[in-house]
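First up is the structure itself, then whatever we jot down about it.
Which chain is which? They are A, B, C, D and E, in the order written, and residues in each are numbered from 1.
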Amino acid sequence: MASTVAARADTFPKLLMANAREFGARPAMRHKDLGIWQTWTWAETAEIVRAYAVGLSRLGLKRGETVAIVGANRPKLYWSILAVQALGAVPVPVYADAVADELAFVLKHADVRFAAVEDQEQVDKIQSVQDRLARLELMFYDEARGLRDYDHSRLRPIDEIIAAGRDALAADAKLGEWLDGEIAATKGSDPSIILYTSGTTGQSKGVVLSGERSIAAATDTVRFDHLNEHDVALAYLPLAWVGDHYLNFAQGLVAGFCMACPENADTATADLREIGPSFYFAPPRTLEALLTRVMIRMEDAGALKRRMFHYFIGVARQYGERILNGEKVPLSGRILYAIGNLLVYGPLKNVLGFSRVRVAYTAGEAIGPDLFAFYRSIGLNLKQLYGQTEAFLYVTCQPDGAIYSDTVGPAAPHVDIRIADNGEVLFRSPGMFTGYFKDEAKTAEVMTPDGYVKTGDAGFFDDKTGQLKIIDRAKDVGKLKDGTLFAPKYIENKLKFFPNIREAVAYGDGRDFVTVMLNIDLTAVGSWAERNNVAYASYQELAGHPLVYDMLEKNVAEVNKALAADKMMAGAQVKRFLVLHKELDADDGEVTRTQKVRRGFVAERYAPLITALYDGSHEADISTEVTFEDGRKGVISARVKIRDMKTEPVPAPMEKAA
Amino acid sequence: MKVRQVIMGVACAGLVATAIYASKAQAADDIYVPLFTYRTGPYANSGIPIANGMHDYLTMLNERDGGIGGVKLNVEECETGYDTKKGVECWESVKSKNPTVVNPFSTGITLQLIPKASVDKIPILSMAYGLSAAAVGKDFPWVFNPPATYWDGLSMIIKYIGEKEGGLAKLKGKTIGYIFLDAGYGREPIPLLEQLAKDYGFNVKLYPVAGKEMQDQSSQWLSVRRDRPNWMVMWGWGAMNPTAVKRASENGYPMDHFIGVWWSGSDDDARGGGKAAKGYLALNFSGLGSNYPAIQDIKKYVVDKGKSQVEKDKFADTFYNRGVYNTVLVAEAIRNAQKLTGKKVVVGEDVRRGLETLHITEARWKELGFPGFAGPLTGISCADHSGHQGAYMQQWDGDKWVKVSNLIEPMKDKVEPLLQDAAKEYVDKATGWPKRTEACDKAM
Amino acid sequence: MRAPDTAPRARVGDVLLSVEDVSLSFGGVKAISGVSFDIRQGEIRAIIGPNGAGKTSMLNVINGFYHPQQGRITFKGRTRAKMRPYEAAYGGIARTFQNVALFRGMSALDNIMAGRTLKMNVNFFWQLLRYGPAMREEVEHRRVVEEIIDFLKIQEIRRTPVGRLPYGLQKRVELGRALAMQPELLLLDEPMAGMNLEEKEDMSRFILDVNEYYGTTIALIEHDMGVVMDLSDRVVVLDHGIKIADGTPDEVKRDQAVIDAYLGVAH
Amino acid sequence: MFYREAGQFKTSYASDQAIFPILQDRIGIAVILVAAFSLPLYANDFILNAVMIPFLIFALASIGLNLLTGYTGQLSLGTGAFMGVGAYACYKLTSIWPDVNIIVWVICSGFFAAGVGAIFGLPSLRIKGFYLAIATLAAQFFLEWCFIRIAWLYNYNISGAIEVPQRTVLGVIVTGPRATSETRYIVVLAIVVAMTWIASNLMHGRIGRTWMAVRDMDIAAELMGIRLLPTKLMAFAVSSFYCGVAGALMVFLWYGGAEPAVFNINQSFTILFMIIIGGLGSLLGAYLGAALIYILPIVLRFVPEWLGIPIHAATVEHITFMIVGVLIVFFLIVEPAGLARLWSIGKQKLRVWPFPY
Amino acid sequence: MDILYSIFIDPFVQMAQAPDLFVQTLWDGLVGGMLYALIALGFVLIFKASGVFNFAQGIMVVFAALTLVGLHDAGVPAFLALLITIAVMFALAFTVERVVLRPLVNQPDIILFMATFGITYFLIGFGEYVFGGDPKVMPVEDFGLEKGAYNIKMLGGLVSLQKLDIVAVIVASAMVAGLGVFFSKTRIGRALRAVADSHSAALSVGISLEQIWVIVWFAAGLVALVTGIFWGARSDVSFALEVIALKALPVLILGGFTSIPGAIAGGLIIGVGEKLAEFYWGPLVGGGTDAWFAYVIALVFLLFRPQGLFGEKIIERI
């Protein structure tokens, strides 16, 4: 079992060496490259990382220095992390799609001396801001293509560094011992990695995690989900995100399982299907997009097949979750479910690549109950967890058999949770961070004196299930003018559960009533338009189409109905809404890189629309500056219509909240 | 999209189900007589009247006598289209149903089936066609080719020519042209022809007609015109015959010097030539016309009741009667078998013995309702499966065939050694050819 | 993209191929008359001219598909009056075609693998068994082909029958197939015909990359003057089968005969 | 639907290039092979002799023609004659050297057919398409004529036909009338399976690619250094080899004897039908085509009996002709690329099930 | 030496010695060739206008003749039978276009070729089912054609010209001439020619592709009927006639698939060539050479002129 190893090792390089001894011949990493899954065993990985580390030390990398890691999920970048850690230096992963400015900030803030990058694109990006990065000496790149003519005084191929290290190791036996000493010299309490949070507001913060704590946390969850060296995970989420680092990298090293890297972003779906992971994580957004795609593709199927599909999905709704939870189900239900499994669920999971998934998690935001139930009903063991970078991911997670869509589970093993008086969730966990990098003030801000971390989220423990329920960011929970509780995220999520709605932004704090701005989901609405012969030339035209408004009006009405049923929220029904003429985009800063809405920024940017929403007008003009993919800027103008909504009567008169 | 899969599925299921069904053996409470016929394909013109004759006579027995020996005959046609492949397939499909005897009606098919006969214990009755050497009963206990082999036929024709020329000795220096279907069937008589040519000093000219050219034949007949043979002998089949008759008349060849083997003497063969074909000669061993009680019975019990496929004007024409002749032999063999075994329902092994003891005298022909229909068939024995019976010459008078000679006996002395050689050669080449183990019954 | 100075760079070496006084006619119709020019190692050489100028015929002569009635072709120091297509291929000349000439029934991968045929030589017996040396050879060449696939960024369509690909991708696969031959001289017949701006930019990039990364000498026919001027080191201009100009893009651009014959009618 | 490919990933080119890269396909093939080899345990003589043996032999001949026509794009109507060459070669070989294992001769006879095929393939350099097809007709008729005329070929048998002598292999009678249908079936099956495997190997490698290259765009192939004449001749030779072996099997293990008419033009056409209906350029298509064209009429012939409808044998034959004619047109309309394409569409559907694409 | 003599000298000696036979051979070759050409003409018509290599032409000949004779045998007066047969051939053309060609439009040649095999199978089954497989005599007299021959004394011998053959040659020539006029002078004919070059060109003349197909198949059906009458008169009308369609193939090769004069010239070359070969050289190899000689002539021609006698030289372009 991996746990014994984990118990001994307190840094990742140490774990790696232990794995190389224990699972030497088992695959540690795969990468779809040149058409096949190139595979490295733990022993090979260890050998490469050692050579790499030696190569890096010969380039002058010293203990405690920082190295940026920029790029997609690729073995060489993961090896870079390990090789850097082996020397006691600290890797700083950066999102591959970060624009040059963000990149410059992180690299400068983290004082990186070296950067391991994926390809020409990243090299170009860094070179464009190099004048701001005085400390950056050298870049190592994975892919040589296009870099042949570049000035190589500050560039090295990673292969060359590894080769140089390997030669050095071969030439000098002592070097190996020296390296062992270096690895051993790193303490578990030393910083293991600095992960920069995307941050919903303001500049990112560098969360410093220690090896000891990281491993402790990962060991707990590995045990919790019974992961072992036979599992496989697909590393397709951003390398710089805590989720990837925890779920794939840390758990992979602790459990000894295999981490597979897709060929590129475009082939991730196909690669997922090929590799057939047994441990899977996807944010609700991804799951939702997937479900939308499933439903759309099924619309194109023949009538017979479609009927069959929907029938068995119905059967699954009825019995699937209960069977998964081990509850009692009538025999007829079991038989129907078995047939459905043969005809629909099994093949469906197969084409989605979920056939072998034992444990799947989703987190990051609230998940629609239908969406959640769908995946569980077809037999995917999907669970929720709640966490954040500062906790090294896990705060709560749902154990098998106690799964609910609207709660995020009880505290994860060895985690303490406390709800503050203002409703904010506080925790203390084995994996919690040691502080923000070079920012004592911020660190102090989020830590309570007794060592708890403030999550910034508002939530409470559900009476029925005893599990934590998160309603919104603590600071976003506001009140309407009449004092009714207004949790915008809660409303937005309810709206976003409709496949037609991709994004919703709710306003109401300090106002008379609640209004929302919606983004349509182009795939779903586009497909609907095609089926209903609704002609449109552009996103903008489709978004403004009266029939689309009609359709969305129904959705909003349903949300109002649901809100009315909840005594805390009934007063916060949506009175007016509009459909935005463009998609909210991370390039324009409207959403974060992890696709979270920056509500304040949006309100500023679309101020004329907000005004219109509250002044009763039925149309408003807006023009916004947008950034195109290639970095050029332009302006989009539109006239946006606004709809009024009827609200549901509030069931019982209630006392005004204090 | 869906449709395709459904079709594929149904087709596959159908294939499997039918194949399984087809392979089930039938329970036998009747005498099973499969008839390999061909009413389709390029040789259908010869195949159809024969098929009708065979079918109708056996049906008549069923209708009139309730079968043979009180047991119904189960008559079943299997369409071969004169195609060897389908012939073999027919064999495989009938063999599990206890067939009494198989009449392949194609030399090609016969050749394929001969080796199978002894293994599957089904006798083959290849009436005046097939492998001539099969007349040697010692080597081919399961194959019968009465009343005569092709070689017998050729010798009869030469004898007839000799007669017309005023003695075989007069043949010296004469030229005999031989026009034949360029296949095993047509080539088989050539060795005997060449030997006779040597013996009697006449010249031989060969005019092969490829199967696919048989409707043209103009080059062959041009050559005939050039070579001016004194006599023309034809081994034709199917559509080759009428075309040859037409070409002969067009080229002004004297029709009364043009002689066909018995397979070139159907009404259809000459009819196409019309008046111009008048004088054309052909061998025959079965009766002409419908003036026989049994043929009248067929008309009464079968044709008039609409149980036959024969067209009215083609009833009892030459090849129809040939088919009848063939089934008379079958019926007699079955009767013999019943007598020999004492069983009512007989199978192939029994009928083989019945065939070996076939013995139809003139009186017996009369008894059967065929007075004067054919020459006696008395030569069959365990050693001789052909009988080397004689045949007569018929001549086309412009409308119908007329019998113009008495029975011409074959030159047994010339034929027999060739047969023995051929049989020996066949057995030598076919390594592992089984020795005859079947006992010999006395003729009845 | 590139510095405006398009003078021959250091990478350009000796004469790789020279065409001397070549004439070609079809049943009395002259397609090429007395054309001479050369192509140097490592350069990108463009052949331009109005429609019917004999450009494609020139390429066909170079790789031996047409046999000129007159003239000589010297390739890698060997001179011959006519070349057989497979000799040209063995010698290291590969090409793409004006109208995509892919093997439509095969996948992109198989098309490019087919380009390796010349380099494969395991005997028939092992091919029958598809084992041992045959399989090793297959795998070895697959690796090379995968690198080309990676180079041209066509991973997703590897298994797609080329007939189903959009035109731009077909052109790319065809380039891949030619590259698989590891040619010394690559002939491109209107590599960007029928492409949109974005596809043209991609293709230009690939052509430059090929020239740079593999050091392949390239001769190309192209109608888009902008592309020609950007890409090529030297340009030869044909008109009605006669050479009317030869030189750097700048020189050609200023040549009066060219302006009259070609640029004057350019759109 | 039955395909569960998630998790079937390839870590080497060898496994990625495998003929059956999908596990479920390998299982399917294994099941079919086991069923095929155990067929004699539960099938009767009719199924073996009149259905399976001919089917396999036709499938082999179809593979042969498909290698030439489907893979290399050279239309040939000489298949029947090339089969004949194999049959006569085998007959002569075993007549001259009777002690040599007959299976060796069956295979060797393919080489004679290959030689003859290559000679008649020579015009393919200059002519294409239907013109070539008619040129191969010359081979068909000329060879057919030779089979009739050259008496040496059939050992001067008076019947003009060849009679298969009895031959044993390891003490088991394999040919001749006393060979059991089980033995013959197993021998045919083994040879056909082995040769299918080899054909598949060839088609998945360099040779297959060059052939298909010549088929799809011969000019481009030539300019890539593929020499057309050797390539086409090799295709003719290999194709004829297959046809030759099929011909030898046909006579030695199915008919037990043959006259020249067996190898006539209709045989050539039949096999051409099989590959067109089955699917050009597909080995599976050769099997499917052989099944449809050969087995379907047999089945149709049994249908009236099966349903208990009394119809004359001849009428059944007429109707069979009509139905086969209609089905040919029908299948061409439904899927011009043949049954194999139908199967691959179906398979693709099963693979993406429950999605439609 | 004997062999050389008999190959190179003797045949010519024979020709000289019996010039009447030589003339007779030429005449027979001419007649045969004319009839081959008629079948080839059926192929050409369809190939020219629709690119379909119609293998069913042979069976159409049989089917047309059978219909005619079948009707006549059933007591229908000769000329009414002829009219009905023409109507039947039109119905056939119409059905083929509707049921077979239209759904298969734009498919590769080989698929259409295969489809005509389907038609062949169907017509064989259908024809035999309706008319039976037994041969029928063509009642030539009822169509006002005389049997018998003109025997002309010449060159010290006799040359016999069958009256039917003379009529056949005249009718065949007339049909060729008629079709030639039809193609060059009439609107539909020009459309047909246009369709051979490009389908859209035909549409611009105002005739739909479907109509054109019906017309050419009908025309081919008429040619088949005429062919059937004369071949039927020469032998009998039976399904064995179908195989003569194969003879049209080498004719097509020689003449080219799209040329009407080519079909005639090819037919004559093949007809005369194979008769001469069989008559003078056939005996050297035991005769029967006419089974394959035509194909060998065609093959030899192809090797020197791959595009056929009347085709244009192919310049390959890339």
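Everything that follows uses one rule, which is that a residue touches a chain if its C-beta (ideal position, glycine included) is under 8 Å from a C-beta of that chain, and two chains touch if they have at least 3 such contacts.
The structure presented is a predicted model; accordingly, all values stated were derived computationally and were not measured.
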{"item": "Other chains in touch with both chain C and chain E", "value": "D"}
{"item": "Chain D reached from chain C - shortest hop count over touching chains", "value": "1"}
{"item": "Per-chain Cα centre nearest the global Cα centre, belonging to chain", "value": "D"}
{"item": "Winner on C-beta contact pairs when B-D is weighed against A-C", "value": "B-D"}
{"item": "Distance from chain C to chain B - Cα centre to Cα centre, in angstrom", "value": "72"}
{"item": "Computed distance of Cα centres, chain E from chain B, in Å", "value": "35"}
{"item": "Gap in Å, rounded to a whole number, between the CA centres of chain E and chain A", "value": "76"}
{"item": "Whole-Å gap separating chain A and chain D, where each centre is the average of the chain's CA atoms", "value": "57"}
{"item": "Chain D, residues touching no fewer than two other chains", "value": "12-13, 16, 145, 148, 219-220, 223, 265, 314, 317-318, 321, 356"}
{"item": "Junction residues of chain C, two or more chains touched", "value": "65, 97, 101, 142-143, 146"}
{"item": "Touching two or more other chains - residues of chain A", "value": "35-36, 302"}
{"item": "Footprint of chain B on chain D - complex, ascending", "value": "43-47, 49-51, 54, 95, 98, 145, 148, 155, 157-161, 163-167, 173, 176-178, 254-262, 264-265, 291-292, 295-296, 298-299, 301-303, 305-306, 312-314, 316-318, 321, 334-335, 339, 342-343, 345-346, 349, 356"}
{"item": "Residue numbers on chain E that touch chain D, as the complex places them", "value": "53, 99-100, 103-104, 107-111, 113-115, 117-126, 128-129, 133, 246, 249-250, 252-253, 257, 285-286, 288-289, 291-292, 295-296, 298-299, 302-303, 306, 308, 316, 318"}
{"item": "Chain E-touching residues of chain B, taken from the complex the two chains share", "value": "39-45, 47-49, 182, 206-216, 218-220, 222-223, 225-226, 238-239, 242-243, 246, 250-252, 268, 271-272, 274, 276, 311, 314"}
{"item": "Residue numbers on chain D that touch chain A, as the complex places them", "value": "1, 3-13, 16, 351-357"}
{"item": "Partner chain D, residues of chain A touching it in the complex", "value": "30, 35-39, 232, 273-276, 294, 297-298, 300-302, 305, 308-309, 342-344, 346-356"}
